[in-house]
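In the two complexes below, chain A is the common chain; its partner is chain B in one and chain C in the other.
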Partner chain A sequence: MALPPYASTGQRVWHYTFRVICGLIFFFLIAPIVVVIPLSFNSQDFFTFTKEMLSLDPAGYSLKHYRDFFSNPDWQDALWNSVKIAPAATLLSVSLGTLAAIGLSQPHVPARRAIMATLISPMIVPLIISAAGMYFFYSRIGLAGTYWGVVLAHAALGIPFVIITVTATLVGFDRSLTRAAANMGADPVTTFFRVQMPLILPGVISGALFAFITSFDEVVVVIFVGSAKQQTLPWQMFTGLREQISPTILAVATILVVISIALLTTVELLRRRSERLRGMSPG
Partner chain B sequence: MAEAVTDDGFVVFDRVQKSYDGETLVVKDLNLSIAKGEFLTMLGPSGSGKTTCLMMLAGFETATHGDIRLGGQPINNIPPHKRGIGMVFQNYALFPHMTIAENLAFPLEVRKMGKSEREEKIKRALDMVEMGSFGGRRPSQLSGGQQQRVALARALVFEPELVLMDEPLGALDKQLREKMQFEITDLAHNLGITTVYVTHDQTEALTMSDNVAVFDDGRIQQLAPPDLLYEKPENSFVAQFIGENNTLEGVVTEISGDTCVVRLDDGEELDATPINVSKVGERTKVSIRPERVEYNKERLQEGAHTLRAEVLEFIYMGDIFRTRLRVAGNDEFIIKTRNAPDVERLTPGQQIEIGWLPQDCRALDA
Partner chain C sequence: MSDTTDTGGPVLAADGTPLKRSLARALRRQKMRALLLIAPLLLFILISFILPVADMLYRSVKNGIVTDTLPRTVVALADWDADSGDLPSEAVYAAMAADLKEAAAAKTHTKVGTRLNYENPGISSLFRKTGRKAKKFDLEGVSSWKEELIDINKGWGDVGNWRTIQTYSPPVTSGYFLNAVDMRVGPDGAEMRPEAERIYMNLLGRTLWMSLAITVCCILLAYPVAWILANLPMRQANILMILVLLPFWTSLLVRTSAWKILLQQQGVINDILVWVGLVDDSARLVIINNQFGTIVAMTHILLPFMILPMYSVMQTIPPSYLRAAKSLGATDWTAFWRVYFPLTIPGIGAGSILVFILAIGYYITPALVGGTKGTFISNQIAFHISSSLNWGLASALGAILLAVVLGLYWAYDKIVGIDNVKLG
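Take a look at the complex of A and B:
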């Protein structure tokens, strides 16, 4: 967006002010994450930049916090719990969310908006309220403190994301394609897997990614619903922050940031590739 | 057309009604019998119920009342995927994530057909629509006309006995449309398939069909071969809807057998053929086709009825002349004359005498 030659002084001033504002917003969003990364290589057990670090002395840096993360059984258990819970919750969110989105996209379903609003509500209701509610409900039916309890709770939190992304892809979905499939002799299940699913896959993948991330860094609900056996990474970080203030948390945070970026990139690349293959957007 | 269908056609609609909201009927009382191998067109303005009828036949809508039979079997309770009817959709509905060959393979795969047989049929179907070399492409890489051909091949590849087409040529340009009209009728007749074709384009309906069912207001207004439909419309809707038509309004003053006398609103009287007027004193719309009107006295046939007219506009259209006249108070009276060396070109303001035979002048409902 170059400045046109006829721009007045006011326009010039605004042009540069606008850029500064954009930069500030970006800084505001990114700074807390970026600061964590160098600190995680701190050779001291503090959350501060030491003199050695600031003068870029190699002695000021170390991988000790990473070593701690990979050797400390507390952290390893937490990592393992997260890895067990997040994929299961994602799978559940994706299956239920996709089905719900498809059902709600049928024009003849009564009270579609009300049902949609209910399903989306975990995203809007303050987490602490959902968490408290789930705790009381799950205690009654014996799910509190169990692996499946946490998976179900996380799935409920992930479903809104899946519904929203899949509904968005369904808006552009041509109903006559499923009719054509039926007309050619395909039963509804075949039609779903061979025609509808491949075409809404990009939305399903995006939804799955959000659901996974939701479960992977969720802390409030898991504290309420889970027990010590379901202590996930975020929970462990939370306790770590309160009880021992170890920079290992920073190492974990860095690893999580890297994983998130890697996931987002892979999924986006996959999604673009599948869209191109399906001839829906020009390569 | 209200009597129940008694004969056993290949496709039969028997007193079919359809309502979407439970109050207003979109299809009011449909009785239609389609013979095996027939090319039937459902023609009508939008909202006339023709597409609803097609959707009921395909199974995507259910009839509120009445029976639909296919080959003698009632199909009301058979889901679309078990009906074995081929269909070409308005927007083609090709699967964008599959190649052309995969699109054609789809109906064969769901029928669990072997690979070699499948490939042979796909090849034959693609060759039939001259798309043999496009099997590996994706729908988005084809032009509209090519997609249209593929859609046609896909509807025919599993050899259905009945093919439905829902305004399949609507998105094509005029030249391609005319070419495809010819190809579709040719294919349908060569393969001996029964075809039900829906369109709002009357030229398409007239040029392609064995029979045309004209729909309006949820009913079939007339079911007839194209020539009868054009030359002998049975009511004023059909007369107005098919082709160009001149209307003069008046009152029936005499009826005797197959002739009647109509007094036009300006007092002139003319002879006409009564079609759906039954008694003296009834208001009527008299319909005359523009090309049946003659103004050259030497060519006027014996028994022709003449009226005075004033020329308002003369349009040279190349092969024909289109002249607008004022006749009995009607400013929109059109006549069409073939461009021939001996035909007089009229000039606006000229007073002429026009005439036609009473059998070309049909007294219809007002």
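Take a look at the complex of A and C:
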């Protein structure tokens, strides 16, 4: 990567131009997210930097959009709904998903590819199709517009992520450990909770975080399957952006960016821990 | 066990059963256990996801409403030859009167009208107007229902209307699909709609080309980034990786609203352009609510999905290959184009299919920044579900979209393998 001392002028010029191009692409990736943060402290109801903000005048900044978010009942209801729906959906997809991932990683599974394709399909099928199908079907069985309908739908959407992360962790799992545990008299349930689970926990947790963010971020399915009582944060943002665009959205966006930074850090730490553990166990 | 082989009989396991059978049983048990672990989830996915999608697909051909509401008419109409140009017989009119009386009492006559109106605009008013009087029909007291019905509404004397009823009386129809590909059932079978009425194929074409444009933009932007991530020392690469992963983890709505704010006419980008002097204040650029806005925002949103597979492929290419090519006399460009680039094609392929699959089904971003010119087929599906309530057509459009996506998914599975999907 480093430029060799014998590089020609042309190579030098290209080397630095290339770095500038990469810098611009990184800027393109991160700038739209970063720009939202200072704008959310705007004391005016504008979506752009005011003169006071640019001259760093304290009068140009305020917390009024945050105050609005925490006092407005619409936003508070939406936040509360999101907080109620996402963990339930995550719990459902993680418990069923982990069990199935363990089953899938056994050496002899009939029709493994077909089962895998079926379980991953919610990730591949366009959301609008899932949403339409669920809307028609759930209204027929009386689940549309209910809390459990939305939880069920979100759990289905989160399952592929749990399956992918947990099976990836299980690839590095040493089967002789479970045999050793059984040999020493542990029953399958004890083996699972005392031996297997602690080792695959990083994969399970990052799968859970993926499932959580899928449900927490999801708009299309909840719009169709849910009713006004299940209005979540992203739904409220969607209607906000569509109809009367209010600057409170910027405050919400900033809060969500902070949440995603926290989730990203957790997943990265878990991934490193899992790689360390895998490096230690033989095979 | 070695002594059992001496006897020449089958090899026995410890409990005395032949080893072969014992092994088979163990294997069967293992399979059963694996399946039992998978079964709850499989059942869950079947009920919460696969059945709903299958139900939607069935809806795209389902057409029970005409037979359910007008059962007698459907039977009576079966023998009528629409091509003869004559109106149906007296018996058909009588059956229709009886059906309408019942339907009007159950208030289902407008539903049939709405359904047939998708195929023959105007026919719903015929049903609505006749339905109002149908409740008071005296089925025995009228000698000729043919005259009576035509008297109530001239539409009953139109062969075209009867043809529509007859065409859409079977319980399964291809009508929605024909509609979805801009065709209709004419007097001589399926035919294309007039040029001005062709919407959906244009929309599908636009969805495909915009997804392609987004994929190409993603390839162009992701390649240098993936290369620099794969070639920098670990520590620096990890820091830059955060810049890729943060957008990946940030809420889709946040990124879309950020673009909405940036691209507005009074937004940050236009402000900067005016401030720099590139654009006059009175001639601010329109870069939102059109195709440009959709392509920019979606390229940004989908870029991490291209960078990550490219990066994982480039990481496995030893840098010594490039050095070897150069030491054999290749220029920088030849070494890249003949040695490095071909090795990265699997990464490009994997990323492109992934981005294309995700792009083609997008709904939220085009709905918010696409205006009318930059919307996708998903937006039309949503419109037919929630606004026009033509669920059959929505399902048919969905089925076509699903077929395209599943084809690509199959290709992805062949090229990359679904087991190799990696996240983060």
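In this text, the second predicted complex is superposed on the first by the 257 of 283 C-alpha atoms of A that agree within 3 Å, B and C clash if a C-alpha of one lies under 4 Å from a C-alpha of the other, contacts with A are read in each partner's own complex, and residues count from 1 in each chain.
In this text, contacts are C-beta pairs under 8 Å (C-beta built on N, C-alpha and C of every residue); 3 or more make two chains touch, one makes a residue touch a chain.
The model shown is predicted, which means the values in this text are computed figures rather than measured ones.
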Combined model on chain A: chain C and chain B, fit or clash: clash
Touched partner set for A:271, first chain B, second chain C, both or neither: second
Partner chain in contact with A:174 - chain B first, chain C second, else both or neither: first
Touch count on chain A, higher of chain B and chain C: C
Which of chain B and chain C A:110 touches, first, second, both or neither: second
Which superposed partner A:88 touches (first chain B, second chain C, both, neither): neither
Chain B/chain C common contact set on chain A: none
Parts of chain B lying in touch with chain A, wherever the complex brings them together: 58-60, 79-87, 89-91, 93, 95-97, 106-107, 110-111, 138-141, 154, 158
Residues of chain C that touch chain A when the two form their complex: 27, 30-31, 33-38, 40-42, 44-46, 48-56, 59, 221, 224-225, 228, 231-233, 240, 242-247, 249-262, 264, 266-268, 271, 300, 303-304, 332, 357, 360-364, 367-368, 378, 381-382, 385-386, 391, 394-395, 398, 401-402, 405-406, 409, 413, 418-419, 421-424
Parts of chain A lying in touch with chain C, wherever the complex brings them together: 1, 11, 14, 18-19, 21-22, 25-26, 28-30, 32-33, 35-36, 39, 46-49, 92, 96-97, 99-100, 102-104, 106-110, 113, 115-122, 124-130, 132-138, 140, 152-153, 155-156, 159, 161, 164-165, 167-168, 206, 210, 213, 216-217, 219-220, 224, 234, 237-238, 241-242, 245, 249-250, 253, 256-257, 260-261, 263-264, 267-268, 271
Interfacial residue positions of chain A with respect to chain B in the complex: 174, 176-177, 179-188, 190-191, 194-195, 198-199, 277-280
